[in-house]
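Common to both upcoming complexes is chain A, partnered first by chain B, then by chain C.
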Partner chain A sequence: MSLARRVLLGATAPVLAFAVAALVTTVVIVGAGASPGEFWQVLLSAPEARYYVSIVNSAAVLYLSGLAAAIGFRMNLFNIGVEGQYRVATFAGAVFAGWAVLPGPLNTVAAILVAMAAGAAWAGIAALLRVTRGVSEVISTIMLNAIALSLVAYLLQKVGSREGQTYVTDAIPRSAWVPSIPLIPGEISQVYGLALLALVAGVGFSVLLRRSRFGFDLRATGESESAAVASGVDVKRMVVWAMLLSGALAGLIGMPELFGASHAYGSTIQTGIGFTGIAVALLGRNNAWGIAFAAMVFAYLNQQASPLSIEADISTEIIAVTQGVVVLSVVIVYEVVRRYRVRLEQTEVARALRQQRKEQGVAA
Partner chain B sequence: MRNPARLAAGVVASAALVLSGCASGGDDTSASDEETAASEDVCESADGDGPAIGLAYDVGGVGDQSFNDSAYAGLSRAVEELDATCAQAAAQAGENDADREERLRTLIDGGYDTIIGVGFVYSVAVYNVAPDFPEVYFGIIDGFNPTESQKDLPNVANIGFAANEGSFLVGAAAALTTESDNVGFIGGTNTPLIQAFEAGFNAGVEEVDPQIEIQSQYLSQDDPVKGFENPAGGETAATGMYENGADVIYHAAGKSGLGLFDAVVQAGEGNWAIGVDSDQYLTADPDQQPYILTSMLKRVDTGVFEFAQGVAEGNPPSGYVTYDLASGGVDYSTSNDALPTEVIEQVDQFKQQIIDDEIEVPSEL
Partner chain C sequence: MSVVSGPGQVTAAASDDRSVSRGGRLWLYALAILVALSIVRVLSGADDLTSAGTMRAAIIAAIPIALAGLGGLWSERAGVVNIGLEGMMILGTLGAGYYTYYQGVWVGLAGAMLFGAIGGALHALATVVFAVDQIVSGVAINIIAAGGAGFLAEVFFGELEGGGPTQSPSLDRPPTITVPGISDWSGDLAERGWFLVSDLAGVVNALTETMSSFTILGLVAIVGTGWLLWYTPFGLRLRSCGESPSSAETLGVNVYRYKFLAVTMSGVFAGFAGCFLALVASSGYANGQTGGRGYIGLAAMIFGNWRPGGLLTGSLLFGFTEGARLRQGGESVHALLLLTGVALVLLAGWQLYRGHRAAALLAALVGAGSLWWYLATETIPDPFTEMTPYVTTLLVLALFAQRLRMPAADGQPYRRGQAG
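For the complex of A and B:
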């Protein structure tokens, strides 16, 4: 296959996927009786300056969530439990930081480590069940989500104090807050300081997967478990480590907001980021750059939901539909393009073989 | 992920999880959905010169035939009587305070100067945004002051309701109606706001007969989607209670309560359901109507309307504004003829006693 053709095929998949997604979304909007013209106009109009700040904030959080899911996905390990791990971890981090046993920034660092440990521990339960009892991590992490949500809500009522209609943990002392970064001068909204965690995690993810023995083993296990075992990879050990890492990353998801805005864990904590992370990882094809792009797309779409309902009077739920459609079309189109490429390669190989045989025949 | 079966499983699972937020909305394709869809246009046709109202909902929004629809009714009344113009904005599942702030700012950018957050989740967002816009008036239904200093802002009003008092009345009605001496309560989330409903309901039941057994269940600890957007969960909980001997069940679970109405029809004659927030007898399907004994009215519509009226008259409320039985902010409905006159008479007596402070209704469990 020529290089030009290869590049063309590579570019086809994403372009085609988004075209299909746009088409399907338009059909859905027409079906719902709304105006697709208005929808696309609002969706594609440039948001106001301060919205970029929230897009960056929400993309950073979604990126962490996407990475957490992707680590498992790379070795065929479906950690659906990012949501539960994120809740347990954020709660643990918030309670620890609220105790203020350590001074200032030390408290921040320690609380982040506590959160990562809590997330890893919660994911570790699923890992242990998988390697010792053979329980599918899909089932166990979904169950652990349900348990985590109820457990944290229960503990919050025990540990936290009542504030209006909600319960909140003790506020983190001011000295441990992480200042925000004024991305756009003069705007009130600012980027969470700990949004930088997303950059760090992204680089770490890439280096770990591409440049380390662990990453090689992880990818090898994902490509073919039997081949990995044959070449000496301890798959059980890999399962445990991948789940722990996934859980530790999930522990970071809540940190930017905890130390940048809310300064406590309350019953109005943001829900569903862990689930969205799965979609973000799928959309990003489990690769650090792809997930970054996917997180931006999701954050952008979320941001445009408000103007959509206010300016165009279109239900915000259409945004969730759009996101779902994008993920499905990406997965389907990539698979179709992959099969097409395989067939193309097969015919080329067959042609080359025929050619060779013919030449040999001539020679004989 | 080269294994197609695993891939497919992952895609389906994640798509299901991501979309579960809107999936729950699809369970009830009743006639009333169309009604709301059609009447959602009140803001489109409104072009008066009264206050410009921006209404921001929590997840679910209009169509729950309960809390949010009651807010919408207040908005419609403001459009009619105050010549208001308006815009509505609904939340998505899984938002944080920053997202809510953006919604409020978008409404303000759109020229709306009377902003109402429907639900206490808007408390933090409103108190963050309000100081930047002294010319804009903010109301928060069930709101509270989350700031450390507890200092009131002149342009923010927390519109609260003594839901415990109204719940006391329907609790008494339930106790006077039950024949199995067994009643039930279904709450959306196990949070202080909803616990107040249960506390009042329990007190009302006990006032009539302390021997009556009360079953209680919350659909979720604190997830609003599972709590208030979950008719299937509401139906499961209600069916369990009916099978467990209850014959009157009261819900404080928003849209999830629609599942209770399905369950009571299946449980059949002799069983009752009690609605919440709006007069749900009026909006229920005809086959459900006979079973809806009464509803606890939390007049969110009055709260929304009077807030807008205050702004229109240059007299905007601020601080805490509480609607209770005495001010008509909570009540119970008598639109179903199946509610016997004797029961109404007795409940009305309790009502008077509460207004006269002869009965103190607890607001916490």
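For the complex of A and C:
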């Protein structure tokens, strides 16, 4: 296959997927009797400068969430429980940092480690149930999400203090805050300092998957479990480690906001990031660059959607439809393109063989 | 070839010998559970544990779970894992809300099934026609359905009197059925507090007084599915697609068509489940009404070993924990701790005797924990009662998942001509 053709095929899939998503969204909006023109105008207008900051912040958080989901997906391990792990971990990190047992930045580092450990432990329950009792991680992580919600709500009432209608944990001492980065000079809103965690995690994810024995085993298990077992991979051990890593990454999701803005865990914590992360990972085809792109697209869509109800009288929920359809059409289009490519290769091989036989026939 | 075409042999092949006694055993189990509950009620003094009210709440909680599980059964028996049940259920609640408001309960039910079927057909398109990963497709459908329902709810109900952007106005209820005589008599008996008699009367009362017609329909759907899938040629062909699609193909079964139909039907039942939630379990549509029941339904089906009777049992178990929690939550769930504790300790002994040390240890630990919790406290705080259905699901799967057998080709993408 020629290079040009290969590049063209590679680009077709995402473009087609977004086209399908745009089409479906438009159809839904027209069906609901709203104006698609206003919708696209709001969605595609260039965001104001200060909104770039929130897009970057939100993309960093979604990126971490996407990576957490992707590490399991790479070995066909479906950790749907990123949301629960993120809740438990952020709560644990916030409580620990609020105690202020360690001074200054040490406190920050320790709290991040505590959060990672808590996320890993919560995911570990699902891993243990899977390897010792054969419980599908899909069901168990979903159940653990619901349990995490109630558990954290209970613990928050026990540990936190009342603030109006809600509860919050003790505020993190100022010395442990992480300063923000002024992305655009003169703007008040700034990028969370710990948004850089996303970069670190992204590099770590790539290196681990591509350059380490562990990553190789992980990918091999995902591609073909029987082949991996035959080459000596201990699949149970891999399940446990992949799940723990996934949970630890999920523990990072809440950190940028915790140390950059809220400085405490309260009932107002952002919900749904864990679920969106699954979609981000799927859209990004589970690789570091793809997930980065997907996180930015989702962050952009979320940001642009917020003025929808005011300016175009369309509920912002429509964006979830767009995002869901993008994910579904991406996987479908990739599958179709893959089949087309296989067929193309087969015809080429067949033609080459025919050619060869003809030449041999001539020679004989 | 005759395995597929001869109806006589179908029944012989499909029903194994134990199925007759299985029905009997089910009743025995049910009685044993009721006896256990009765003992716990008397010992702990949690009188509401088996009251007619709790039983009624339990049935109302169990039916949507069972219907979602039934949807899962259709799909997975044809070899397609359906995580998207939750989303299809959400679509069902929306369809029920919209059509019931304008055209009454029965059109509402049809509308809910139609909406669910759309979700099912989408899942079928992705997994059967395009053969993409079934879990990925299910997750995407859940996202689309939740967003779509939220969006459309605002369009449908935002301007209506009594409605709002996140909920419908309160809607008509499906007709209820009361059996005169038995209902009064069992109601009286249920309140006496007699050992076993009153508990049994509670169950009878829940089944004879103001029982929703949708409950009966749901039960009919479960029994009907059992008959259709296990006692007809159609059912055998459908199940053969879930066990060995390439063999089914060689026998002339159109695997794509059967799978597509099964997954769409799966959506129909999930839609029914959503309808039940919107019209019977509450008085109208509300955003986020399903609360993960689609997943619990899936777990109930797994617990039920991919069989209709089993999934109903599982749903009743989950429904009961939820019913008990909704009524006198703290007290009833507290009493259940005693039951769980004793049951798990006994199970631990049995597992140890059988030589399963890991399972025995797990059961013993959790059992001792529940007993300690029961003895150390008087009641259970609300957040913990909220967890009950989910913890039960996990515990039940942890203890029984290894004895289960799913359809052999469940979850595997199928392409025509794979058999080679």
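Here are some notes:
Throughout what follows, the second predicted complex is superposed on the first by the 359 of 364 C-alpha atoms of A that agree within 3 Å, B and C clash if a C-alpha of one lies under 4 Å from a C-alpha of the other, contacts with A are read in each partner's own complex, and residues count from 1 in each chain.
In the analysis below, a residue touches a chain if its C-beta (ideal position, glycine included) is under 8 Å from a C-beta of that chain, and two chains touch if they have at least 3 such contacts.
Computed from a prediction, not measured in an experiment: that's the story for all the values here.
With chain A as the common reference, chain B cannot sit beside chain C without a clash. Touch counts on chain A: comparing chain C and chain B, the chain ahead is B. Once the two complexes are overlaid on the shared chain, A:273 sits against chain B while remaining clear of chain C. Once the two complexes are laid over each other on the shared chain, residue contacts for A:310 go to chain B alone; chain C is not touched. In the overlay built on the shared chain, the residue A:319 is in contact with chain B and with chain C. Residue contacts after overlaying the shared chain place A:65 against neither chain B nor chain C. Of the two partner chains placed by the overlay, chain B and chain C both lie in contact with A:78. Of the two partner chains, both chain B and chain C are touched by A:138. When the two structures are aligned on the shared chain, A:246 is found in touch with neither chain B nor chain C.
Applying the stated contact rule after C-alpha superposition, one finds that A:129 touches chain C and leaves chain B untouched. Contacts of A:54 after superposition on the shared chain: chain B is touched, whereas chain C is not. Only one of the stretches 166-174, 238-246, 292-300 or 310-318 belonging to chain B has C-alpha atoms clashing with chain C in the superposition, and it is 238-246. Chain A residues in contact with chain B (one complex) as well as with chain C (other complex) are 78, 80, 138, 150, 153-154, 157, 275, 278-279, 282, 315, 317, 319-321, 323-324, 327-328, 331, 335. By the touch criterion given at the top, residues 48, 50-51, 54, 57-58, 73, 76, 78, 80, 138, 149-150, 153-154, 156-157, 162-167, 171, 188-189, 222-224, 257, 261-262, 267-273, 275-276, 278-279, 282, 286, 302-303, 305-307, 309-311, 313, 315-317, 319-321, 323-324, 327-328, 331, 335 of chain A touch chain B in their complex.
Residues 1-4, 6-7, 9-11, 13-15, 17-22, 25, 40, 43-44, 54, 61, 87-99, 101-103, 105-107, 109-110, 120-121, 123-124, 132, 142-146, 148, 189-193, 220-225 of chain B touch chain A in their complex.
The residues of chain C lying in touch with chain A in their complex are 83, 122, 126, 130-133, 135-137, 139-148, 150-152, 154-155, 165, 292, 295, 298-299, 302, 358-359, 362, 381, 383-384, 386-387, 390-391, 393-394, 397-399, 401-402.
Contacts from chain A toward chain C in the complex involve residues 28, 32-34, 78, 80, 129, 132-136, 138-140, 142-147, 150-151, 153-154, 157, 275, 278-279, 282, 314-315, 317-325, 327-328, 331-332, 335-336.
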